[in-house]
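Quick notes on the structure that follows.
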Amino acid sequence: MKEGIVESPALGANVAGAMKGFAQEIGALSAFRLESCIHCGICADACHYYIATEDPQYTPIWKVEPFKQAYKRESSAFAPLFRLFGFKREVTADQLAQWQHLLFDSCNMCGRCSLICPMGIDVAALIEQSRHAMFEAGLAPKELYAKAAHQQLTGQPESSVEPYRDQLLAIGVRFGVSMPIDKPQAEVMLCVPRTDIEQYPSGVAALARVMENLGISCTFRSDGLIAENYGYFAGAKEWQRVISLRLIDQAIACGATTLLIPECGHAYTALRWEAADLYGKELPFRVLSVTEFLADELKAGRLKLAKAAGPKVTFQDPCQLVRKGGVTEAPRELLKAMSVELQEMENHGGFSFCCNGGGGVIDIKQAAPLRYRIMEVKMREIDATGAPTLLTTCSDCRRTFDDAQVHFNWDKKPNSLLELVASNLLEAGTGP
Amino acid sequence: MQPLVDNVAVGEMLRLHGISRRGFIKFCTAAASAMALPPWMGPAMAQQLQNAPRPSVIYLSFQECTGCFESFTRSFAPTIESLIFNVISLDYDDTLMAAAGDAAESALAKAMHDNFGKYVLIIDGSVPTGAGGGYCTAGGKSAVDTLRDAAKGAAAIICVGTCSAFGGIPFADPNPTDAWPISAIISDKPIINVSGCPPIPEVITGTLLQYVTTGKVPDLDEHLRPKAFFGTTIHDRCYRRPFYDQGKFAKTFDDEGARNGWCLYELGCKGPTTYNACATTKWNGGTSFPIESGHGCIGCSEPGFWDKGSLYSPLSATDWGKAGESSPRQVLELAAGAIAGGAVLGLASAGSGRLRQYRSEHPLDSEPKDS
Amino acid sequence: MDLLHFARGLGLKIALGVFCLGVTWRIVSFALLRIRREYSRPRESVFKYVLGGLITAGSRSWPHREFIGRTGAGEALGYSYHLGLFAVVLLFTPHILFLRSLFGFAWPGLPSSLITIISVLTLTLFLAVLFRRLTSRVMRLLSNFDDYFSWFITMLVMVTGLAATSHVGGPYETLLALHILSVDVLLIWFPFGKLMHAFYIFPSRAINGALLARKGATS
Amino acid sequence: MECHLSRLTDIGIRIEPPARTGGLGGGVAAVLSELVSMLERVALGGKPATIDLRSLPMSPQDRIELQQTLGRGEVQATLTADGVSTLQETGVSGVWWIEHRDRHGELIAELIEVAAIPQILEVSSDEMIASAQALRERLSISHEAPVKTDHATLS
């Protein structure tokens, strides 16, 4: 089940100390969630890892068990009694090490379990917190730890052959679209997933072309160019804050009123919902996903779209954007405007299954075998729609489906909604 | 009163009184029916009684209100007269016998001496052991001693009434005379408790007749009461049970429910916890029984029924009420106190949690970390 | 001091005391921990997402259409024995009178024969629930002493209650004493185990539901 | 528990439960089904069987309904011995309704007996032998002088 437990050189080698610290940090809300579980096991029926493997260890609430144990022992009402009579043992290092596989390799943080819990527990939020504890205990997977550390220092998860700023300008030239960068003043600040810069330049061009068409004053900022946040995946709360701070500072620097999140799921969660809390006060600008933004522009009549000819389409709802973020209608409005014939999957919208790559799992090598096994649940559902084209609005989903296409020699390839919109714009914009 | 005829068989005695064979079968059938025995037992009893010797019976009364004896003499079937003259020879009964004073005492001594080991001792009333038995004496002799002497030669002791069976009113809190039921004093003799305050007449005579005809102690429940009469609860035999099952309850003694004869559970009826034959044998020759006449059963055949709270508070209600104070007020006070205590403990626990957070934050001087 | 007198006298007082103390203690100790303010801009107005929370408190009582195939049976079983339990405890006339003697007010009840039927049904459902917990690999992994003891004590209360009303297994007063004693034990155990979910279920759904609705997320 | 009694006379002594709407009452049906099995047993030569009505929790209305259901037969016997007993054959032949009363006329037993003829009416063989003996003596005496008999007379 687990090839090797990777000890990443995190803060404290002292696992129990990290756990104790974690348990004592728990606030009223998380404590209430840990208190409410009645061990009914229903959350397993929402999780694609359990559905595909029928392996009880993948029960979502089970992933939180050591932290529930630590909470009961350290800061619950009867903690002194638990300690005195030894009802709850201290969480040990090797016990926690077992949980790396459960909390990272087999959890996309997709939040589907939180919808099924009869007690209403937000299991996904507990898992997110548990990843913080794992990181504190030095048990984050090495790939995620490395990318988070690198991004915390340099602003990008890996070092790139060429600076992303130059690659961005090259894309502009290649696709013949203006790439506004480092403008001192702009209404909207843009950023892109580094995945798009390297693997899907057409996505970056599409973003620029749409903004150009809408004639909105916007700019990229080279010091806040990358949308992803590996601190979020690795559970490194402090690093997640530093990474988000870069984008926040840049947005403030250029006086933007809107920070536009590109087609990237977890970036939306990190910036739309968690950045302000880490920042400690309200952000002086609004944060919008590009899909959401375009739907508003469409409704406002500023965005004009042509009828997109072509075969039937099925849409993969990115979990972080749709289920956890609430951007459910926007993509469908855009598709309707282009009168694209949408063939919904059996589980779609807020209930869609995850693409299996989310939560940083796509980056964890040792998680790959299990991930491919779980992938079949999603692929079967996509094939069942009978629609030949797969569309999504998240680069990690796109990357995961591409990887699956190679692995399974699958007859479908993921396409970006933004690119579809960009290729069906009607009237040319009035120029920059 | 001199014993009429010594050890003459019962059948012979009947013929002397001009009672025909069919008359005697009728008498036994009525007795069997009173004792809730299966109907075919009547003729069988008649057959067996023909040649059974008439046992001698001694009736001793201690600390009692003579209610049981009144009930005993009100027995309709078999009537007390037929019992005394035909089936048993009641050799001593200070209430019925004409003799008194020394004559009565000597009659008692003679009866005990002549039939030593064979007579049936019937007792009503509890035995006060307080003040050296001084609370109840007859002829200078305390009840306790009289009981002990009488018990020596008794073949069996039938305790009539809740007083002799379980101590009854004298035994109820505070029990000033330190009264005891018979079974607490005598343990070496077979005891049959015919509890009730008073017991149903037919139950007393029926039990006596059952002992006389079979010569054996009938099978008893754990309170030594004959299962023939005390086997089921009033509730199980009550004719108002359908109303209990349908949920139709009288709320007050003269509301529409009471007039329609609905179940009296809400008015404190103790039927469900009381084992007796009132619902079938009924009282006053089958006329009716407390519930049929509109009042709940007060559970008079159960031990300590005087101390089980108000006769009118429902069986399932708790009655914490200290004098004059209602239970709900006490529940409120108890809950308030407990909640306050819980809150203090909760504050302590949450407080120490926050204190730890404060201490762990400040040395690092980083942003407040919590979730 | 016979058993029944203790069970519903001092025993019940102790039980109610420990119950109130324990429940308050447990709730206060987590409720007064630090409550983090949400600084992100909500997608909906305060009124709307609080309403969203209340809706979730109700809607989560039954699985969403997408889940019903897998969890419908389990939840149906769970909720039905709860309904049976509430019907017996709150609508059986002797219980109503017991509660009236404690709290001073009463309400109409169901016919007793109907309650007997319901209680037998609830008992069987309760056995089915244990069977499910023992045979499902997920539940067996999750279950600890608390799950089994909480089940056991509730079962004991039901069994002794049914035995008491049907005069089976001994004189009525001993059975009633055992029934009330098991209720006392249940009340004492209540704050320390999963039975606390009776207090948690609706606030938990409402709070989590509201937080999800604040983001406009699915809940 | 306050109990405000308006007037004692208001409390009905006899409870008249509401008239039953058709169909037999539970108690009556039970007795009748018992009688069916008894009749079949006795018909096949079984010992006569009896039901003691006093031990059944029957409301007054049940009793009346049972009497009406069984009806009245042709034979009615009265037995005067230590009080009067009436043995009424019901409309269902082989089923007898027996009421024993004592000297004061109080009802001391009420039974339903399933038999060709109620047992109490039968005369045992040794009694017949004794009465035959008594008659023979009477015959022989009648030749001489009349003698007063002190034997219990059969009424």
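For clarity, chains are labelled A, B, C and D in written order, and residue numbers in each chain start from 1.
Everything below uses one rule, namely that a residue touches a chain if its C-beta (ideal position, glycine included) is under 8 Å from a C-beta of that chain, and two chains touch if they have at least 3 such contacts.
Here the structure is a predicted model, which is why all the values come from computation and not from measurement.
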Q. Which neighbours does chain A have in common with chain D?
A. B
Q. Quick check: more C-beta contact pairs in A-C or B-C?
A. A-C
**Q.** Most central chain, judged by mean C-alpha position against the global CA mean
**A.** C
Q: Could you give the separation in Å between the centres of chain A and chain C, each centre being the mean of its C-alpha atoms?
A: 38
Q. Just how far, in Å, is the C-alpha centre of chain C from the one of chain B?
A. 41
Q: Averaging only over C-alpha atoms, locate the centres of chain C and chain D and give their separation in whole Å.
A: 58
Q | chain B and chain D: spacing of chain centres that average the CA atoms, whole Å | A | 32
Q. Chain C: which residues touch two or more other chains?
A. 25-26, 28-34, 36
Q) Touching two or more other chains, which residues of chain D qualify? A) none
**Q.** In chain A, residues with contacts to at least two other chains
**A.** 26-27, 29, 75-77, 280
Q) Which pairs of chains touch each other? A) A-B, A-C, B-C, B-D
**Q.** Complex interface listing, chain B residues touching chain C
**A.** 222, 233, 236, 244-247, 249, 265-266, 272-273, 275, 302, 304, 313-320, 326-328, 331, 334-335, 337-339, 341-343, 345-347, 349-351, 353-354, 357, 370-371
Q) In their shared complex, at which residues does chain D touch chain B? A) 1, 3-6, 10-13, 15, 17-18, 26, 47, 49-52, 54-59, 79, 81-83, 85, 100, 102, 106-111, 119-120, 124, 127, 152, 154-155
**Q.** Residues of chain B touching chain A in the complex
**A.** 345-346, 349, 353, 356-357, 360, 366-371
Q) Given the complex with chain D, which residues does chain B contribute to the contact? A) 15, 18-23, 25-27, 29-30, 32-34, 36, 38-40, 42-43, 76-79, 82, 237-239, 241-242, 252-254, 258-261, 267-268, 279-281, 285-286, 292-294, 310, 312-313
Q) Which residues of chain C touch chain B in the complex? A) 2, 8-9, 12-13, 16-34, 36, 93-95, 97-98, 100-104, 109-114, 167, 171-173, 176
